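In the two complexes that follow, chain A is the common piece, with chain B as its partner first and chain C second.
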Partner chain A sequence: MRTSYFVRNPSVVIFLAVLLLFTLGVTALSDGAGNGAISTSFIKTLGKTLCLCLIAVAMDLIWGYTGILSLGHFAFFGLGGYMVGMWLMYERTRDIVITSLANAPIPPTEQEVVDAIGTQIFGVVGSSEFPLVWAFADSLVLQLALVVLVPGLLALVFGWLAFRSRVTGVYLSILTQAMTLALALYLFQNDSGLRGNNGLSGLQNLPGVSAPQSVVSLWFFWASALALGLGYMLASWVVSGKFGSVIRGIRDDEARVRFLGYPVEAFKLFVFVLTAVLAGIAGALYYPQAGIINPAEVAPIASIYLAVWVAIGGRGRLYGAVIGAAFVSLISTWFTGGQVPSVNLLGYRVDWVEWWQVILGLSFVLVTLFAPKGIGGLVDLVTGRLAPNRHGADYGPDQGALMEEEGRK
Partner chain B sequence: MSTLLEVSGVSVTFDGFRAINNLSFQIGPAEMRAIIGPNGAGKTTFMDIVTGKTRPDEGRVLWGEKSQSLTRMSEAKIAQAGIGRKFQRPTVFEDQSVFDNLAMALRKPRGPLAVLWYRPARADAERVHELAAEIGLSDQLSRKSGELSHGQKQWLEIGMLLAQEPRLLLVDEPAAGMTHEEREHTTALLVEAAKTRAVVVVEHDMEFVRRLNCKVTVLHEGAVLAEGSLDHVTANQQVIDVYLGR
Partner chain C sequence: MQALLQQHADTIVKSSRRTIGPAIDAIAASGLEQAQTVLQKWQARAMWQRDSDGLFFWAEEVDRDTLRIFDFDSGDDLGTAPDDEFSQIKPNSGIRALLGVALVQFQLSDPNPQRRLDALQAIQRNAEASHLQPLRNSIESETDAGIRATKERLENLLTVSFDDDEAARIAAIEDIAGNISLDARSTLNPLLAVSPQVSEGAVPADRNVARTLKPGSAALPRDAAYEMLVAEGLAPARISPEAMRAALAENITDGRVGGVPVGRLSDMAARETAYAALAEAGTVPAFVREAEVEAALARHSFYEVYAEPSKAVTDAARAAMNRTQRNVHMSQAFDLTLDALSLASIFFLAAIGLAITFGVMGVINMAHGEFIMMGAYTGYVVQQIIPNYTASILVSLPLAFAVTFAAGVAMERLVIRWLYDRPLETLLATFGISIALQQIAKNIFGTQARPLTSPAWLDGAWTLNDVVSISYIRIAIFVLALIFLALFLFIMKRTRLGLETRAVTQNPRMAASMGINPDRVNMLTFGLGSGIAGIAGVAIGLFAKVTSELGQDYIVQSFMTVVVGGVGNIWGTLAGATMIGFFQKGVEWLNPSNTLAAQTYMIVFIIIFIQFRPRGIIALKGRAAGD
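Let's turn to the complex of A and B:
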């Protein structure tokens, strides 16, 4: 059964092989375990990119396959980051507090330690009390459970309300934007309990770990690669069988699926929650590599970028989403990093940091208009030449059916 | 004769316009029925009501031996209860193969988890091949259904209906846009289906209706104008005035 699954889905095997080679290659060139050709900060960039690829896979599931253009999945991504960030910040601050109180004449009580941690963490927002949401911050296990539970529950409640009322299309997109905006605005408040616009910081330090960042960054890089590999396999399994048939049916004609007897709303909700959980996990791996998370991360624009990546990469095929996210976010880092020399164009200075946004927006429009299959569509050109008809795009009536039969054998 | 579906005193108003007006209709468990009537008579709306797409303002729609009320059930629940529907325009999943279209329609558990864990059994694939043979699409199974001709899409949709194993089939203008031979094939499919279940066919084409050789209900302005054999209703003066005489 397993082998036949991989045989039927060669792209999964290819993807996993490429991911493995990439991970090994980067490790061999890293500072922490290799010859140091790649700097630690770039390892972090690559690790973060893998997390973005994972949320892009989630986005492709919900948008490319199910046809729900969610413009709010970065809310789930951010929540995942906050959940893990709370534990990291709490434990890290606790280490600092204990070290600084170690020289005190009288050993501090547990309460004094907790109070000191509170003062340290919440001083910036003029408080020292632990808000209720930090109740489990001292437990890694519980916070990791929340990485999955909080985005999952938010998606469940939001999705249930929205899908049950049959909100679809552009209205649903707007609703998801409102959701992520509301979350951002809430988090921006100082009394939200999550340090307002300061967000959580120092997340790159793993409490109780003395290994240097060059090594820690590799751990996260590996974890991100593993998560992407597993997430990709899960997603491809979900879309491969009859479930994939049904959700693509929902994308193309949901009324028809309903008259076949499938509870469309339940399917949508299932995919929405599943992708929210994937997004939460991606976020939980991303922010320790970024080192900081603040409410701006869940601003509406972030989720729109996500849709742009998936569109450019090619929606409706998982590797397209990965290619889009990796390609666009890496070039984006390059252009906005300020290293690209400005160009003089007829006396006008083209500064890439700003102009990059224009190019990105333009390419989104162009891809949507002229290459709806995105970068992933290039794969069709190659495979189409080797084995025509496999993707059923444009072959003659009877001949084609024969070739596709042959292709399956 | 026992009734499978009983619609009584149903009315629907769209923005003040009464599309269905105190309509009553009954059909038995293994019966073929043709519904004819001029454009805008409410034939499609009638199907919308039975399948749960449109909620009636008043009246009852009762289903099966237990006289279950359909007016409060969701579309999916109604379909699961055994009512299948073919739309006026052929609606198949064009991006998916003929095989996948039929497999999706097969009568199997419909919940997300059941579907997620579902792996096709040999019997299911055989059933798909059987259905494909019935609708004449055996050698098209691996093609994308979007590439089929108009008539083939209509048959595929009928095949999907049969795959659902419904107790009642609602078929909206199946012969529209078909060639003469295609129509004959379609008639044969429907007549065969009606041996084991109830089939309601909406059709404009009198020749087609004649070949179905069944009781006919004439709709006009959202109500039943006449009912009986084709010869009986075509002899009715009112029917001639509103429909045939034009």
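Let's turn to the complex of A and C:
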């Protein structure tokens, strides 16, 4: 007897309700549409956090459910950002160029406008030609399609190569890390066509929109909330059915699932590409709010932090990933923002901006050692949904199907 | 001599660079013994002229107002005299340079060998045709074998450049063919210098033509060819879009240009129409059409001409240069091999600790890079305490080992041993430690790079010739890598600890039942791997900047090295490091300006390589490979 999807997944309903209330509440307090209790810059921070939550959901899908610890998902995030950033930068520069050329005695030709845009954008890397990758930069529709296609295609090729040769476990983690490092190094070059380490900037301005930043930031906030809501529903739908059972099976014992006749590689590849696309969309929404994207964003460290968020929030449950990303990234912003007063500890002045990283690192070790279920595990205490009483204790979500005795071998 | 000086007194006193030549030549060529003294004193501004009779003397200033006068011819001391009776000859810097050239021939035969060498170096720096004859003359009388060889080599090079006899030049060119030294190459290069030329009709037969150029080819793009015609005044200049635009802007009348409304000029065709109308009215130069450009290019021939008029000489020089280039390429290949070996040994050194912790024990330690960093900082701290660089390096090597060994043991006891069943979580936990350690280092030492200075005997480089050289530090690192390889092999194959480590890695329960304490062995092995990382840190710190991010730069490459080489086998790590080192240098050689690209391609290459050998270059077989 099939019941409704939402009845079977009450957590989705609760999550969506909380997200909706949060969005409405922030809107009511915002500068652009409410009483102005929350500054525009904090709206942007919240919007960015929602995007990070979305990529954390993707990370949970690939790591918490499929058991592939990808240390390269920020590569897809960054690529999504670059794709939308190219259009934003092109169109904005075009506006500027047209305004400045309007005063010229002779109206400019198409070619002159494009040349001037090229000089504006690439002057900083000593070039004025448009590289091939900018071929579609003048079309919003195509660039938006690329937001999905480029990360998806990269994930498809990389995943196909990696899964086909049965690279698993830590090897795959290192390989994904190498992938994002290679991408970052490539983007750092001036002749990569994406302005080297200058990155793309001025992305917070929507071309052709005269609304103030307080309103634009709210639009992006709503868009991020919508994307997160849809992404969450998609992810929970993917993991709730038979498909979800298979990928959890792959996580717990890949060989057994393969022997049962499932094409393990195809399942993994599908999840890998899907999460890459989600990450790309998250990035495309994140960077217009951040205003700037440069290759440092794709550095391996970013993807590792993503794993940190998901681990602290609690793997293997989607809301855990969201909680982790929101909690850790907001608290990081708070601590590194320099607003926390320093503390005197036995005569040593503890400056939180300096010591926050240390605390984060060590708390991460503690969570891994003592609380593998993360913050999300607290929910279990409330609902009373404790781990089933097996003969041995389980190892947490990563190896849920393994008995203690088996795991010890 | 005085007579000679008097003969040229006017030019000497006037002291102009352009007119002084004959006077200097006359003195230098006089064959008089005193010529050298005169030129030297003149150059040193010690030549004075007596106002009363115009005679020249050289003088020393005794005090502010008094001179001690010497006669040029006899060298006699003529006593002191007040200096207002004399006027000093003050050669400007141009004249002093000319005097220097003239003095060369005397210095070449100077009894002091150092002076002779100085003179040779002066010639080498700034060779002139006039040096050739004095140099040849001085070879015969040269007694020092070393200086004589230098002289002969230099004479050969000057012959190539300046001799009047073509046959002698060609012989000299053939003599230096294949010589890769910089001065031989810089002697040949000017002979092969070409300049592009254009002339109407066919290529003239009386020029020494290097090659003819076809407009539109890679060597001479069509636009550049037409530019040449314009520059030579052989064709009218083309109107560039910018110039056309400017011309149109200047000729707006009543919102129209040449009858075309300004608003419509955003189209190239409309602009051309408007410009054509202006050109017809004679207000602007006519537009040069493509057909005219084509015809002008077809009418003229383009070619490169040697600055050297003799074809025989340029042919010989070309042949010699080809041989030289071949030798240079061979040397470069050798140099590249050395570079690649040195890079490989750096990778190996960074990865060898991982080969133990990851390769043998299977523990992913993301904080390995931070252990390298700790080693480097240990070296830095020791240098603050012990100022002698040699002693401080000798102290910091074992100390770095001790520090990182302790850190590794602590980490194994506190964190890793709880996670042996969960490799992915080991990765995450050690990563947490890694960011904590990095930040702590940043808090203690700041973000700026700290110097770790190598001892003086490691400065400098081993130079084989003008192409091949390698710094001593890199040699030292290479040696250190070899030592560690030997040490690793010794520990693993010849000691109790190695035996126990291998046993525990393969089957911990079986090993335990044989009386081995797996906890202790794991702890010691992990400590050993970490300690080696510390020593590698000191070595890497010697040539890289010591920052808190030092380890991060190496961690991914180190893991790659181990994975590519094959986990669990030190020879695999060696092969992996060698392959990565050579590959990276190879890519850098193809695109020397871009080391970032080299790293990118290397990683892409590794990802593809893993497809074909997922277990690395040297894969374990049988039970040892069991997961």
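In this section, the second predicted complex is superposed on the first by the 381 of 409 C-alpha atoms of A that agree within 3 Å, B and C clash if a C-alpha of one lies under 4 Å from a C-alpha of the other, contacts with A are read in each partner's own complex, and residues count from 1 in each chain.
We take it that a residue touches a chain if its C-beta (ideal position, glycine included) is under 8 Å from a C-beta of that chain, and two chains touch if they have at least 3 such contacts.
The model shown is predicted, which means the values in this text are computed figures rather than measured ones.
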*asked:* If we overlay the two complexes on their shared chain A, which of chain B and chain C does A:F188 touch? Say first, second, both or neither.
replied: second
_Quick check for you: in the superposed arrangement, does A:G202 touch first (chain B), second (chain C), both or neither?_
neither
*In the superposed arrangement, which partner chain does A:R256 touch: chain B (first), chain C (second), both, or neither?*
first
*Determine, under the contact definition given at the top, whether A:F267 touches first (chain B), second (chain C), both, or neither.*
first
*With the two complexes superposed on chain A, say which partner A:P107 touches: chain B (first), chain C (second), both, or neither.*
second
*Go through the superposed model and pick first if A:G337 touches only chain B, second if only chain C, both, or neither.*
neither
*Looking at chain A, which partner touches more of its residues: chain C or chain B?*
C
*Kindly classify A:P212 by the partners it touches after superposition: chain B alone (first), chain C alone (second), both, or neither?*
neither
*Both chain B and chain C touch chain A; at which residues?*
398, 408
*What part of chain B is in contact with chain A in the complex they form?*
51, 53, 74-77, 79-80, 84-85, 87, 91, 93-97, 100, 103-105, 110-113, 115-116, 118-120, 139-144, 147, 160, 164
_Residue numbers on chain A that touch chain B, as the complex places them_ = 1, 238, 241-243, 245-246, 248-249, 252-253, 255-256, 258-264, 266-267, 270, 392, 397-398, 400-401, 404-405, 408
_Using the touch definition from the top, list the residues of chain A that touch chain C in their complex._
69, 104-112, 158, 161-162, 164-167, 169-171, 173-175, 177-179, 181-182, 185-186, 188-189, 191, 300-301, 304, 307-308, 311, 354-355, 357-358, 360-365, 368-369, 372, 395, 398-399, 407-408
*Could you pull out which chain C residues touch chain A in their complex?*
241, 245, 248-249, 252, 257, 262-263, 265-268, 271, 364, 415, 418-419, 421-425, 427-429, 431-440, 442-443, 552, 556, 559-560, 563, 594, 596-597, 599-600, 603-604, 606-608, 610-612, 614
